[in-house]
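Quick one: this structure, given as structure tokens, is what I'll be asking you about.
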């Protein structure tokens, strides 16, 4: 691993300042579970590493019935798994987190890091997009902006942060009643895997009828970024969803994605798995929606 | 250019000078001579280097030594007390969970952390505990058995 | 288990002797060693799979601060490694694969050594490469070794038994298929590491994870052109071997030469990527096989042709046909056999020995073909096997003299526990997405040593001290299997003491007697017989002394739990340590040390591959129940049931551990593990993309240990270290075929391969 200058700023202002100053030569270090292996494999060789672990105010999980869930960027996946708040109100996030890496990595890896690393296969992203999450970003002049998470990813490994900006928070609106949410991760081994295909789906049913009023279908690992499949969503919203609607939506999703062939899976196989797992995920989602209060 | 860091390892305070790119597993093994923590891959994919840092089991190959400044660390050498093995260590020995032994320190420490955090573990939980640890010798069977034995006796 | 209180130590679930050290972090592996002034070595690998080396400029690297020495081929003696002597430790004129060693560095730390490698400038003239062995056989293929015309390695196996061509005509049913089994890796959790240290007078100490310290000592002496007596091999704890350390490899020679030139000890440790790219693999095979049988299920002929991708240089991978042949000739009874091979150089990395040594490959082929034959005959696959089952007392076509054989019992036990009758052959009636099936497979493997070298022996020295504590110094290393514990149990049982009274010393060639090495599941059998022989001498001596002291005839005395008793007059007894001290501290005193060497009464195979190479043979059957998701291609093993004839289970807990580990390796081989190599380059050199089984990929495993009590082994034991992994992939392959209703001929059966096969079959 090449050598670098290590910085451990105590405030966001300091951190943003360093990132702006060394733009193009610096990397943010949060959990380190992506950055350290990347540096080990010589995929990146930053001259400056800015560790943001000491910065206060980035490690909270708060919930409010009207505003929803707020996660600080430094919240680790194990913190999510062991959180009572999450268990009570956003158990899908606990479910998704358990599919990520290993217990040891979950003790280090942060949700902010998972987003900023912007891997097309990132496990937390499809579900957060399906939940209509937004991210809060702070810049060097202390200016703050929010962005729908869907717009945060610009390519494989690239995100919408401008020089000197840091992602500080993820906000997720409250889950409406009669909503089913599912994340299916298709892998070869049962654990310790990067997703070959990731499917997040959400179906919200009307209050009094079993008609779908909102659907979200987001596919991971099959395009340069996690991809929201509007076409599939349109095929489900406004309907009393039947098996053939689900199958048509999954089929549509499999045509929209742009998977590559790599050592983890072939493009045709991935497309097929979008169809198969998409269909299965939607069936499960509908089932959960029907039983959700 | 080296920075001074302080580590409390197995209850003992150490001061070490490390380069910025020094990784915790190497500092523990090479600077402090605590070679019980094993290095299997260097990238967090095998779990052999697992230690407990500030109450959490982590891959020590994924932690910059400088980031660990001020941390409280437990390595495998720190478990046995007064000539008596920790319950997990004893169970691993008694249940035949040890063959070549290279994965064992990591297995014991992650199991320790996982059991601490999981008050009523299910059958599946015993497997989840070590899902981030690879073993080529045992097929995991007796390792899971040992962890379950300790959990059920607590 | 059939002990019934007869033995104190044998048959007991005694923990491994070094388990406490390993569970407390005290075990020392080669990577843990730190010697005074020690430097760190690193190897520069080739940039091309096939090229001439025009120039190597190390001047910049040598100037880097912290670098002590840089070596290239000019610093090496001109000798070559490998039994084919085609592998120079550092390549000087030509590189033939991407894992070729071109230069090496010793520096004050690993970072500096890595930076030094980047400063070495090598000029290559690329040559056209060839990666497919069948392409490499063609006339216009690039020549890889000047002396190997047509890229043919001289090594060639040919076996004939009976009249195969006539037998083809005689068969009622004939089936023919091609199998392709690829590269898999040992995945030792400890990356390869060794330390070399020279003293001031030309004596070398190697701290090595070698499985063959004495052969290694001799081979290393040959390569370095020094006397073998100048080399001492110390074996630290080994973090996984599985056959990967059965040969002397360039990295160890390079380590020794770096240390010599540097004048400092040098430690050379691979990274995990180097472990994937630059260590030998299990030998891949392409096998064209034809088999025939009568309508009544009698096996009539087997005809197999094996193509081996030898890679760029020759290591033990090229010799696996020697063992692969065993399943073709001797698994079940078949009257006419033909076996042939072609070993072809390519610009891929070479292969070595890996647990089972060709038998997993051979068993996969034989056992898959048995199911296919059964289907074509219209006979139940279990019935076909029982009809042709190996039997005690038989002699196989290769001249293996089978003494005990529990195969029938193993087959029946597995079939029963698998609920064969209700679960087999249901695939075609299943209509859902998820299909279930069961399959089984058996094996035959050497169980009482393997005479593949001039000696198959092992020496033992047993010493009992004044306190009744015994030291067993054995030639046999423990590579993590628990054999040292079994040896302690054997020694203790022979002497009438407890296992905890025995210390085993096995890690230093300067101290321990000779052993050929840890391979072929031979250790407990051979080293156990040696230990027992030596212990028997001590026992005889003790009884002689005791007879005097107790005034009872020797024949009337026995030792039980550290005491010598008179059988007739039990009140006449004495503690064993007291006897020792009485004999020691007197005029003309004596101490109690004895040695023995056990070399089994077996034969080397002749030029026609016939000969009884082992004293006894192990057998076993494994069964798998699987579930296939026909929409995703994912295969899940629901359970494994295994029955192994181990002669006697000296330590059931340790045997279970070996079998469970073997099954996990077999599951990897069947369903998950594939070294992806494109144009000679490894594309998945890490644990994320090379899919070794995790805990969640393991099914429940039911184990039945069948004891046939073979009189040749120590207390009836037969070897089983490799057995656990030999038939696993075949059993799973058979189960998947049962679930799907068609056959696949490649491993691993990863989801994408399975789904493509399902789709192809539908058309």
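So that you can tell them apart, the chains are marked A, B and C in the order they are listed, and the count of residues begins at 1 in each.
To be clear about the criterion, contacts are C-beta pairs under 8 Å (C-beta built on N, C-alpha and C of every residue); 3 or more make two chains touch, one makes a residue touch a chain.
These numbers come from a predicted model, not from an experiment.
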| item | value |
| --- | --- |
| Among all chain pairs, the one with the most C-beta contacts | B-C |
| Identity of the chain that, by mean CA position, is farthest from chain C | A |
| Chain A-chain B separation of Cα centroids, rounded to whole Å | 29 |
| Averaged-CA centre spacing for the pair chain C and chain A, given as whole angstrom | 44 |
| Residues of chain A engaged with two or more neighbouring chains | 1, 191-192 |
| Shared-contact residues (touching 2 or more other chains) in chain B | 21, 42-43, 45, 128, 131, 133 |
| Sites on chain C at which at least two other chains make contact | 111, 687-688, 693-696 |
| Chain A to chain C touching residues, read off their complex | 1, 186, 188-194, 263-266, 269, 272-273, 276-277 |
| Touch list for chain A against partner chain B, complex | 1-6, 8, 29, 31-33, 36-37, 39-41, 49, 51, 53, 78, 82, 98, 101-105, 107-108, 191-192 |
| Footprint of chain A on chain C - complex, ascending | 111, 631-632, 634, 672, 676, 683-684, 687-689, 691, 693-697, 750-752, 755 |
| Of chain B, residues touching chain A in the complex | 3, 19-21, 23, 42-45, 47, 50, 56-59, 61-64, 66-67, 110, 113-114, 117, 128-129, 131-133 |
| Interfacial residue positions of chain C with respect to chain B in the complex | 13, 15-16, 18-29, 31-32, 34, 111, 186-191, 237-242, 271-272, 479-482, 653-654, 656-658, 660-665, 686-688, 692-696, 698, 701 |
